[in-house]
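Per-chain residue numbering starts at 1, and chain names A, B and C are given in the order in which the chains are listed.
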Amino acid sequence: MTTEDQALPIRPLWPAAKDVFFISIERMLPRPRSFWVFVLLALPVFFGVLLRIYPPKGLPLTGFELYGIVIALFFIRNLLPLVALLFGSALISDAVDSKTLTYFLTRPISRLSIFLGEFMAYIVTVLTLTVPCVVFTYLVLCLGTPQGTGFGAPDLVQDLGACALTLFTYGGVFALLGVSLKRPLIPGLLFLFVWEGFVANFPGDAPNYTLTAYARSLIRHRPAEEGLAELFSKFFPVGESVLVLGIVGVVSLALAIWIFSRREYVISS
Amino acid sequence: MSTSQIYEQHYRRLDASIPLRAQRWIPIAREGLKALVGFRAFLGLIAIAWLPVFGRLVQVYFTTRFPEARRIVPVDDKLFFDFMGMQIPWMLLMSAYAGAGLIANDMRTGGLLLYLSRPLTLGDYILGKVSILFASLSMVTMIPGLVLLLGARSLAPDVLGDASHLLLLPKIIAFALVMILPTTGLVLVMSALARNPRFAGLGFFFVFVGTTVAQGIAWQATRSPYAGLVSIQACMRRVGEWIFQVKPTRMTADLPAEWALLVLAVLCLGCLFILKTRVRAVEIVK
Amino acid sequence: MTARVVFKKASRWYGPVMALNDVSFELGPGVYGLLGPNGAGKSSLLKLASGQLRPSQGTVELLGRPAFGSPGVFHSVGLCSDTDALFEDFTGLQFVSALLSLNGFDETEARKLATEAIETVDLKDAMHRKVGGYSKGMRQRIKLAQALAHRPEVLFLDEPLTGMDPQNRRRISDLMRRLGEEGRTVLVSTHILHELEQVTRRVLLIHNGRVLAEGDLGEIRDLLDRHPRSVRIKAADSRGLARELVVLPDLVSLSIEEATGHLLAEIRKPDAFFAKVQELSAACGVEEMWVTDENLESVFSYLVSK
């Protein structure tokens, strides 16, 4: 047997990515950090239960309106981008820090399949943590109210889509950050709280260059803004928001894959 | 004559006394700060956090040139309260950068064993780590606040030079302590629990931001000022409003400042308790 | 015989630090020991050979293809790295099976191969336990199992005996020898010199990023003609033997060790010396004779001092 025969072609993309996915999901999902993230994301559910048990006198909002505030402020604007930073930036850097990346790099699979497998595991993990929290928040706040759960059901479906797209886009951006930088945490936080936090409320075209402006445009029943945001925040058509977020997510992922494919990882004891 | 012996294997009480030096935590703090100062990112973060000091000093100077401007931008306690409040984001970033790995790295690499194999107690170790973070956070809160006070007094002695403004010094220090101590406790707890600095830093942000957003939602739902007790940031600001005697924000106007201070105190004690139980040299593998 | 691992004038640097400098060699079937002090470049050489890094200059080929950027070769290549990193929440069997699935084996085949590999490293009793609870030696063995499980033609083992007790070291050393006899290429990096000598006589000696010598240990020793051979002789009449041997022209030095009474000689031409000792063996009561510096440590220290 010649040496050429011994070097078989690399495994096809999707079977290899699927195998990487199964390994990664087992390492990502049943971990203490996933549990604590779930607890934090479930805070609105606990709060909603408290409100239903001890309803304040003269509650100024309906359950559906309160759910809208939770989705727009709690999930889309604040917590989901943080979740994406936590899991997205750790996509490859977690394997580098734990020194287990070598096991993937010394298998007959392409780096593209490694990255895609990890990203699929990320998507499944964050959606597993987020979707039940959003659905239960909706049910707790709207079940048994005069409007009922059927009233906002189409919005719930759209909101779940908005959450998924937000997690996809931010996940792609932070995956790019994680692959490019050794310490992506501070740049990620600066991006979220300085760029996304302030620039989105600047006058003029500045919000066009933020992701959060498009993400919150996806929430049809979003609450009225307050303060500076009331004056300057911009909203975009849903179609345009989906397109922009999708493109940013895909381009970020493509760049991340390109960098990962060429980068050397010096992993030693 | 043989010197070999076989020893009886029963319990023996250790009678030795440990001659410990005083201030054992100082070397930990000193080396930790020296290591941090070597990083350009640390110095860069401090430099950016100090920019608002110059902005405020320009503001004060502007009011000395155009006294009518003092009606729009007064030079009083509120100036310093607003300045300190706006340093909170820099304090959070500094916490994530300087504090998230303080204990996590030691626990992950086994460095904790190196510390505790020296004549140190667990308390010395924790105190040393707290000192590192306290000093780092002071550099973006208390110290710029005091420098702003000095600069503003020298620029506007007619406004800030009188006796009524002498209390500004302890007020700035007090508010800085209210900001720094709970933040330090929370970051170190995250660092001790997470074992990975990235997760510790993000966990800290999750809690800080999550509770702030939860306060906003709770207030929207109930219009109760006590919703502020859920948010660490809101509690800090409420205590700060009380210290500086400034008009409170709409959401927490009727929240008693003592309650906010109590929440922060309980948080600090809780963090200390968790640190003492969590930080140990031996991990029991189940 | 086609070389499976080929370095051609390969160099690697990390910023201003030169880790490997103009290294050229070829490895075919058999076991090769990679020896060098800390910082010599052994890990860098293994990382280049296993395709984790690309050479800054020159080429590194693995099974006829560039080592970096050719994942297809890993169907036939296994790596046991020196890092103590595993999937802590997986059981031993799950860990090896999961990695085999990345090689393209289906679940049944992966479990079968994983079980065989785990039995080879004597971890069958612990294979259903989580890897996070393994001792250091067990962790090392499970790492070895994942490197062997897919029956690769080329194996890179970086410090494979670290943390193992003597019994397991012997077992793994026997395994490495067997793999070499089966025709596989095994490159072993280790500091445990005397155990490496039991596994292979073929060595690659590296120091300061350069290959000092490669080949059979005895042949390398022969090439070091600057250094005379050291021979120890146990004889009933050491002094009588010494009187006869002192006239030999290629004898460098001769002494009698006070503690043992053994004769210690340094010689340039061993063959003539051995023949003379053979002649005198009956008369002087020669009981034993052995060369004391044909070992890795001596060879290496000679080469480094050159």
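Details
Heads up, the rule we're going with is that contacts are C-beta pairs under 8 Å (C-beta built on N, C-alpha and C of every residue); 3 or more make two chains touch, one makes a residue touch a chain.
Predicted model only: the values in this text are computed from it and were never measured.
Farthest from subunit B in terms of Cα centroid separation is C.
At the centre of the protein atoms shown, by the Cα-centroid criterion, sits A.
Distance from the subunit A centre to the subunit C centre is 49 Å, each centre being the mean of its Cα atoms. Averaging Cα coordinates per chain places subunit B and subunit C 54 Å apart.
Between the CA-based centres of subunit A and subunit B the separation comes to 29 Å, rounded to the whole angstrom. Counting partner chains per residue, subunit B has no residue touching two or more of them.
Annotation for subunit C: no residues touch 2 or more other chains.
Residues of subunit A touching subunit C in their complex: 2-4, 6-11, 15-16, 19-20, 22-23, 26-27, 30, 98-100, 102-111, 264-269.
In the complex of the two chains, the subunit A residues touching subunit B come out as 33, 36-37, 40, 43-44, 47, 51, 56, 59-61, 66, 69-70, 73-74, 77-79, 82, 85-86, 89-90, 93, 97, 183-186, 189-190, 193-194, 223. Of all residues in subunit B, those touching subunit A in their complex are 41, 45, 89, 92-93, 96-97, 100, 194, 196-199, 201-203, 205-207, 209-210, 213-214, 216-218, 220-224. Contacts from subunit C toward subunit A in the complex involve residues 2, 4, 14, 43, 47, 50-54, 62-65, 68, 70-79, 81-87, 89-90, 98-99, 101-104, 146, 153.
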